[in-house]
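Every chain is named by a letter (A, B, C and D) in the order it is written, and numbering of its residues begins at 1.
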Amino acid sequence: MHIMVTNDDGINAPGIIALAAALGELGTVTVVAPDREQSAVGHSLTLHAPLRVFELRKGFYAVDGTPTDCVNMGIHSLLPHRPDLVVSGINHGANLGDDVTYSGTVAAAMEANLMGIPAIAVSLATLAFERQGHFDNAARVALGIARQVTANGLPADTFLNVNIPNCPAEEMQPTLITRQGKRSFVGTIIDKTDPRGRKYYWIGSVEPAFNDEEGTDFHAVNRKHVSVTPLHLDLTNHDSMKVLSQWPL
Amino acid sequence: MHIMVTNDDGINAPGIIALAAALGELGTVTVVAPDREQSAVGHSLTLHAPLRVFELRKGFYAVDGTPTDCVNMGIHSLLPHRPDLVVSGINHGANLGDDVTYSGTVAAAMEANLMGIPAIAVSLATLAFERQGHFDNAARVALGIARQVTANGLPADTFLNVNIPNCPAEEMQPTLITRQGKRSFVGTIIDKTDPRGRKYYWIGSVEPAFNDEEGTDFHAVNRKHVSVTPLHLDLTNHDSMKVLSQWPL
Amino acid sequence: MHIMVTNDDGINAPGIIALAAALGELGTVTVVAPDREQSAVGHSLTLHAPLRVFELRKGFYAVDGTPTDCVNMGIHSLLPHRPDLVVSGINHGANLGDDVTYSGTVAAAMEANLMGIPAIAVSLATLAFERQGHFDNAARVALGIARQVTANGLPADTFLNVNIPNCPAEEMQPTLITRQGKRSFVGTIIDKTDPRGRKYYWIGSVEPAFNDEEGTDFHAVNRKHVSVTPLHLDLTNHDSMKVLSQWPL
Amino acid sequence: MHIMVTNDDGINAPGIIALAAALGELGTVTVVAPDREQSAVGHSLTLHAPLRVFELRKGFYAVDGTPTDCVNMGIHSLLPHRPDLVVSGINHGANLGDDVTYSGTVAAAMEANLMGIPAIAVSLATLAFERQGHFDNAARVALGIARQVTANGLPADTFLNVNIPNCPAEEMQPTLITRQGKRSFVGTIIDKTDPRGRKYYWIGSVEPAFNDEEGTDFHAVNRKHVSVTPLHLDLTNHDSMKVLSQWPL
């Protein structure tokens, strides 16, 4: 059993270290992860420039690219053979609702899924992107889900988006299968002036602000449940096809 | 009627210039686009660094970020008021099937949709990313679809992904409402050596390689139809929820 | 007479446009300049990644690199033949004293000098990097100096660093040949918190703060003289060689 | 005695690890170095964007910037107090002749010198930027020179550029005090096509190609001597001032 691990917080982040250690119980782990933080890069692929790889230590490869690049590099080039499972995370901060489309962590699992490899994205719902959290607990949860994926196989065209509440094991509520929630508010721009007197802009608050509807990932994590959402790559809004076919295009 | 135009090929690309000119017939156009090519950046948001804006000429703003950044900058900061429509493109190369998840062009429309603004992504199906194409024809098609969106409004939670065959108007077939197709093959890595003797890697061929199924975007464009696919942001694979709820998680 | 023009403020900056226009009186001008601002990049050469070129319009090439990269690209690849003169600027802000070692504008002239081509760096002493200035006047001054360089030739191993006061022609004082001054104060770091609550650092004030010694570039410009400093690439402190040779190394 | 160590090959390079270990004999060492390779960045200062710091382990700080940025970050922000010495290296590859103006390793020492702190740049003359070399021997040499700098102090306005032949200790020849040599050949551009059929350019061979003159750094290292060159920041070509003052400017 060979497992490839990646993330978007960078190869030195506590979350990936905890994850790689826990998954070692299930198989041989190879880490291929960005050399720098790559949050919110979405399903971004570096086509315009080359990539470099640096082997930090045995089985730990740092790539100067995105999580999606790492999955490509690992599977097509660095790993001795195709992995049986790709696990991405543990992300510092939840990946919920519409925000999964921004997530580098989720995109890495999406890329593995495109290649036909079972894949799981794992995030810890720390607040305000704080760097401290119950990563050891989250890593145990991730290991449990990875075992189930290995035992049962995933349904066709499906990868998992797992969000874990940031609390000790004893406070954690049972795992729920959820659907992707909806954002209720979208960012702001902060404009400032740099030390040389020039204007710059910073994309602001992306704090969780979701509709608290039952059955959603947000609703579950907000009540200390582990949330497991099955995702696919099909963005088609099938319900709208009929409406549009009435248009005189 | 105010229209914001963006793209991922950069503010100097022929596609965006043709698009902005054509949409001028429908309303006042403001262009907010990346200062450099940003292909395949997906739904990538720059949270880790600030952004800079350069007004190249009246109504043309270059941003040193991604298409998603441009939509944020335009709507939250640069435009005098909220636009009635966001159009992204005309991309040099099709955005079809699972590849829409990589597309910066599609992500810009996705971002506008998240903000509740009607949005269209437009791509010209040039081969091998060639820079030449029937952009004037494609711009006329985009204008026609923009008029329909304005006249009818879009269904809830829907933005459009439009792909136009690269041919003269007289060869073009009627517009079809399609679903997102599926990739049949995923990239390769090319490894090379730089002039200083160091290894580097380049993510290789991403040429269209889709299942040629009827009803898909790929099937339509491949036969010189204009393809219009209604998309949303919900990645949930609802069919898999039932299966997963049987798991002992 | 063929002249290559570059800068570090980017190909759309007012300074380079004024310079290219004025030098048109002296010969055929080709502009090869960075697509984005590249201030304070020093003599930085992109060896680790490839470069891209975009021809914005006839004779105007944007490169996604540093001023030093632009000189290389222009001379080894883009220009039809080796230029007779390279002029870099007009920089928005002075390049004085020890700060010339940080300057991308000066580095471009340095690179041309390394290749054996007469070279001039031109800067306008606007304050606080303000974007407005007497660029037309400065461009006339640059043209005059370029004529002299063409008529007389430059001494061996010499390129020129020209700083022009930001004032109307009638207030400008005669040109002085100067030596490089000395900084009296070196920067600060400003630390801040980004919208996600993470710390970042910004290298602070680099406002001119030089010893106001007679004979220096700073002293001249500070009194509205045009300053012309002959530079070379030799950083050896010859006076120290004797001292060091006493050491028991 | 507090020593700050930096480099341009990145914080994980063998050269900086050997250097930091050896200098531990002389005092307390803090490493502040780029998180990625930053070769040939010259005296480049990041003014346009903020910097991030990541403490990899106690006393090892990775910065997402240039060597010059690292010196600023270390001295103005990260170190508990001003260091007594800054040592930059051990660079993988020599820094000789006119090429010192490109060198990030040399620029870091230059920056410390600007701040009034004794500074040494150390490079190992490996060929073709190969990653293997006699770093332990070079680190012993660097320690010896650091001891001398501490014992004697450096002459005013002087920092040292040290180049060490890549050979075992027993083959090494005595240390020579040298002057900066001259390049005899300047690069090329290689143009290629990327996997998507687009042209790109790579700045080519920068292999040592210097005039082999006695007394120069190149001549010394080429004969297996350790070369120590005293440098300063004054680029003025004083000999040319007289010639230029005859011009009718």
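The criterion applied here is as follows: contacts are C-beta pairs under 8 Å (C-beta built on N, C-alpha and C of every residue); 3 or more make two chains touch, one makes a residue touch a chain.
What you are looking at is a predicted structure, and each value in this text was computed from that prediction instead of being measured.
Under the contact definition stated at the top, the chains bordering both subunit B and subunit D are A, C.
Of the two chain pairs considered here, A-B and A-D, the higher C-beta contact count falls to A-B.
Measuring from the averaged C-alpha position of subunit A to that of subunit C gives a distance of 45 Å. Centroids of subunit A and subunit D (each the mean of its C-alpha atoms) stand 40 Å apart. We define each chain's centre as the mean of its Cα atoms; on that basis subunit A and subunit B are separated by 23 Å. Counting partner chains per residue, subunit C has residues 37, 47-48, 50, 52, 194-196, 198, 202-203, 206 touching two or more of them.
Those residues of subunit A that touch subunit C in the shared complex are 48-50, 52, 128-130, 190, 194-198, 202-206. Taken in their complex, subunit A has these residues touching subunit D: 10, 12, 35-37, 47-48, 52, 54, 56, 64, 194-196.
Of all residues in subunit D, only 37, 39-48, 50-53, 68-69, 72-73, 76-77, 98, 100-102, 107, 110, 114-115, 144-145, 148, 152, 154-155, 157-158, 160, 174-175, 177, 179-180, 183, 186-189, 191-192, 194, 198-203, 206, 226, 228-241, 243-245, 247-249 touch subunit C in the complex they form.
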